[in-house]
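For reference, chains read A, B, C, D and E in written order, and residue numbers begin at 1 within each chain.
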């Protein structure tokens, strides 16, 4: 009963929000309360739907085959993630969405997107999977294109990628349908197991490439930064945390469940150089290059969108090792990343709500004015950088262990290079926003209201709790691994107990608190200390005041600028993207010239056509 | 300097003083010609690091403020700012005759005649640029004074701040150092809380 | 039951009555009434024709001499589509056409076009087919040149020249056929041609194909279409793209499958179809003028339908017909909305529509939904029909089929880009201050809304459609 | 000392032992550098006097609560990492966290300091921190490459296991002799990790007024000194465990510490300072390829 | 000549051509008309008096027509006895490697002079310096504010009638090396902060 409700509620929500769009200008409260109610209900139903795992439900019959949907462990995990983050984002938007009339359809499209995602995650046959995939990508386009014209241009970029991904998938669906005779996953699995190599390769390419495009893996990530960064900040949080992971869900579902791991491994030269190694290399590139591009960004949101690509690379790294630890790391990283990226972007939204800008060169010193936002971002960046005691560390530790012991040293090195890049760009983010001198124009900035603070506190608690007690999350992941046919991870409440050295986050955090207390004791043993104003500062004898600009924000990592200047501006992926677009336009122009506009050429075409047709038929006869 | 400090020092303070004297970090404000005498004192020829004295870059980390020459009105403003940025206990060392009585520029309209009217000076090193031996003997006497607990001139700045402030104002008017010495004095308890 | 002959008589007589009274009100009333009546007539005949084709006795003259007409499931279906589209377009024209610009003549020519359309569907006699075909072409030339400005005249002139070349080829083919068959009825022709020498039949088939092909906008010979559709008044472009081209296509295919069955022309048609899709999409990609872009998009959609029919399988025919229905709805809606965009801004260039979406929110939304369906976004009708076409191609198998699938998929990506580029321009921030609402007038809005409703909620009538589509698809291959 | 009362006593005593070792090492370092410059140099326990002077400063200025918490996090973080590094006779905590954990825990103190320095709102400090993080990309990546090579070779990422393997096998299996390429690369990385002269651009007194320590006065600077004195032996021990086979007895441990530190100091005493991008280019041109070559060699002749 | 002015840039035409001797330069100056008192003082030194009012014209002519494109300095001499300031303008020619110094006498109490900043931008620094140290008013030079003795309230110190020693004595208290016995009692010798409020 709950499973149907999971699909029905977003639809109803969409309908009502669609009708309420007119009221947004006069009183946005109506739409907001409706949205809050709707998403809270979805979250509640998602929690309760756990009981109905495994039962299949019949949907409408299309083209003679019944659309079936239902919950499995993997899909329930994703449904919970979707429902949770949507509810939190909506709570945040209650406070942050001031200019509601700029986004009349904000919640309507959000409902549509949730419907698409939940449908995708719960679909149990190929056709319903594809229908929900298309609905989701269209809904994502509609969600992105709201607000300023800049976001519409970026959404257009996303649309090209999403539609080409959708069409390749449609090709794959048709191919599999004709080859295996039906849409059910079971039939397809049996067919693929028996099929010869050629068929498998085409099926895998046609099905997996769209997921890589949606998950913004390295060569196909061009659309993500501008699309996510130009939409409204809370929407950036929502998109970065969950929207790109649908591609990963597809990957997990098809690689582990539908095609099965042994079929995937049949493609490739040797046990060490097969499809999974290709995925690993792609994942490593995805992890490293976007993270170092994030270093050069001047806008906070754009910096984080580059990170969402980078962290997507980590998840793919974990999954592509297909070992117990690796997949556990990948799956947990999806959850971890969702929590702390939402936390960071919410605090950026809080800063933007008060100061009106996210330009890292203009901000500074807001720690004294917005301490809660600072704390939120602090927890977030510790998680993003993967430093204990936050949860980001646990999943990264799994991924490193599996890569090193799995015999991929250089991929492990690439992962660590990405971590160093993350730490650098993450510190630049918190330094330029909260630390340094407070510009005089932000003197009256105050903390944001409790509505916006609530999600920040909740996420901080989640990031810390799952960091110290990773067992709570690992139990879900173990059940998923069993369902995917991988040996489940031997988890304890504090981490992992394995023969090759284990991890216990509880002990690490306990030791950290004790040593922190020792540090505090030493600190308070010293003399009295006095907090002084920011202008009472060493400036080689110069007198500081509010007119003296005394911040180091611009060009924060100048050495990297020197070294990677040319590479960054060459931006290989974006330039290939532009050239491709120009190529299609010029070819189109030449073809259009076929329609010359003079009647005599048309007559010539006519005669030529008849003659060629006759010749064609002659040799056909 | 009230007499109480001189006589009744607890055993712990005595031990502490003997330890603290072994580490003095010096911020040399090289105005005038005095700076040229410091390299030989610091490097291998005389090596003042034997006594734990090390040149330091920022006032926050320095204990000794070595003013090595005459002070004009403009440089005095900077010296006051740096002095107030230093952490107590801090010792001003006047270096050369220019800081004692204006030295060669005794009749100039622009240079300060005696340093101690603007800052509590712990130690003067006489000489129209004293030689490294003089510097080191001066520092040794400073170390002995710290050991005996007599090097408390920095308290004088807090206790008689009005005197120093008036002289400073007389010279260059008001400066904005974003800090009030009177509040500091009461906060740290160098002066009995009047209000 | 009322005789199906009414399909031909009613519009013809309505045309003459209108000319007689020469009053706008009567003309509008009649041209609304007749299509609605015929639509009802088609609906009433549909259940009967599902079972078997119903021959019609013309003026009670028996078979050998009388004009052989018969209405089968395909005929009834197409008749309903034509009637409904015509009714909606006339409703749209009532507020779209400028008042007093000798409108009566406009409606009479539309009525004549309708008669020829119904005639084409019902006729079983090859010469009769040629006559109705000529009436259809001529009325199209007149309607295309309706704006009387430079572009329209030049376009209709080019259309006429190509059309006449096509008619001569058709006449040649009929002559060849008549020499062999001795009779003009398609049934006799089919039996006669079966025994004729293959080269001879091949030549007749090719000339026939490219004869009708001009009107059916088959790839090499559809060069008139971009100019004609873009310079014709939008209501006419809607009719042309909506059902005129499709009608010619269906008729061409019916004759090819039956009369010239001896010669397997399907591979040729498939190659032409795939070429049509690619050329249509690529040409539309760089377009600056909205109606020209939609015209090129029609070329590619026709290519898709032709590709579906050319598969030769039952599933292919059904998919083609469903796609035809969807395209009629979506493309007509797009053309009609484009018409009002031009009326409101006075310009045909997309760039000048910046911020128009804020002034005409409802029509922009309808444009969006129609585009979504044309591109094949679930849960709209477009998705199901496109999926049918692709799975039929998949089932048919063979290299050209899979090539067709790939081309259609690539074409859809291009189509999405250039259609949603228009939407982005529409909703760009309005240059002027608060935009005054200047939406379409209510009759036009009603017509467009109905077209879009057909397309958006089309998925709901899919189950009922699937029972009827079987016999309709058979109609393509039988002459009863 | 790994169970029961011995453990509790050692947990309490270990920080003091480590601090004292740090003071000795620090004093020895300044003495050695002085001797290289033909100077007498301060007493052996000069760092102790510095720390006492700093901690007993009567006025201290702070720039906010984050500045204070950062100092506690700095010293606390280092102490925490210290417990996870096995020393002769004590490896209780190694079972809860392997070398990857230690590598990440090593990042906690710099992050804490960076946040504190950030709040002091002094651009010199920010420039220093940005240089410190950029240098991280230099030496840390080389160190990790060497570690990955070893972990892959022995199939375990736990530092204690690696140390035991090397102790069992005797000096021949010590990291620096068994895998010379990795050993040399790690030495360069150690020089970077300890912020010694060729890679000391972070402090750079004349250029950015001691970088991060610009606004640190009184007990704040004292806390940083304490952290430095505790971190010094720990970082040397990490290198020793991975490459010199750790130490069974305390005498061997102290001797190895001083020998290793002398090697680092001698290089520090005579070299000038790289610019930041110069240091990075150096690390990516010599040590990293060296380490990579070492790993390739390990993979070549089988796990 | 106040108000915004555009400073001519680039080399004047006359500065090109081959090198001339000092006497040739004197001849060139003579034919400028007006001043005739210029004479060769040393192999590469030409000196002469110019009236205050005529200086600006002379300077412009010297630059544009004779080719002396570089004003190297303006210095001021205080003739207390004659009650006059003597402003010396040093012009220099790169091509001739010769210095022309024009001496101008202006009355001491109403010391005003036309500015040369419209011909040479650096002239403003020389004029600000002289204004600060001697109190000469330069008409047409807007920014005559102090940049050396920023907090100085007293009269222009370089004037001969300003006695630095007397000013120092009444503004600064000196260390009292021979304190009388009562001063010694209250620590007169020890020059700490006790005695008097005077700086």
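FYI, a contact is a pair of C-beta atoms (placed from the backbone, for glycine too) under 8 Å apart; a residue touches a chain by one contact, two chains touch by 3 or more.
Because the structure is predicted, anything quoted here is derived from the model rather than measured.
Within the chain touch network, how many edges lie on the shortest path between subunit D and subunit E?
Graph distance in the chain contact network comes out at 2.
Go through the assembly and pull out the chains touching subunit B as well as subunit D.
Shared contacts of subunit B and subunit D: A.
Most contacts: which chain pair?
Top-ranked chain pair by contacting C-beta pairs: A-D.
State which chain is most central when centres are taken as means of Cα atoms.
A
Using the average of all C-alpha atoms in each chain as its centre, how far is it in Å between subunit A and subunit D?
That pair's centroid distance is 36 Å.
Rounded to a whole Å, what is the gap between the Cα centroids of subunit A and subunit E?
71
Go ahead and note the Å separation of the Cα centroids belonging to subunit B and subunit C.
99
Quick check: how many Å separate the C-alpha centres of subunit A and subunit B?
Comparing mean C-alpha positions, subunit B is 60 Å from subunit A.
Which subunit B residues reach two or more other chains?
58-60, 184, 188
Between which chains does touch occur?
A-B, A-C, A-D, B-D, B-E
So in the complex, which bits of subunit C are touching subunit A?
Per the touch definition, subunit C meets subunit A at residues 157-158, 161-162, 165-166, 169, 198-199, 202-203, 205-207, 209-210, 214, 220-221, 223-224, 226-227, 263-265, 267-268, 271, 278-279, 282-287, 296, 372, 375, 377-379, 383-384, 387-388, 390-391, 393-395, 397, 405-406, 409-410, 412-414, 416-417, 420-421, 424, 427-429, 462.
Could you list, by residue number, the parts of subunit D that touch subunit A in their complex?
15, 55-64, 66, 68, 71-77, 79-80, 83-84, 93-98, 100-101, 104-105, 107-108, 111, 114-115, 118-124, 126-127, 129-131, 133-134, 136-137, 140-141, 144-145, 148-149, 151-152, 155-158, 161, 209, 214-215, 218-220, 222-223, 226, 275-277, 280-281, 292, 295, 299, 303
Contact residues on subunit B for subunit A in the complex?
Interface residues on subunit B, with respect to subunit A: 58-60, 77-79, 81-82, 85, 175-179, 184, 187-188.
In their shared complex, at which residues does subunit D touch subunit B?
30, 34, 37-43, 46, 48-50, 52-53, 56-61, 205-206, 209-210, 213-218, 221
For the complex, which residues does subunit A have touching subunit C?
Residues 62-63, 131, 134-135, 138, 145, 148-149, 152-153, 155-156, 159-160, 163-164, 167-168, 170-171, 174-175, 177-178, 584-585, 587-589, 591-592, 594-595, 597, 599, 601-603, 605-606, 608-610, 613-614, 616-618, 620-621.
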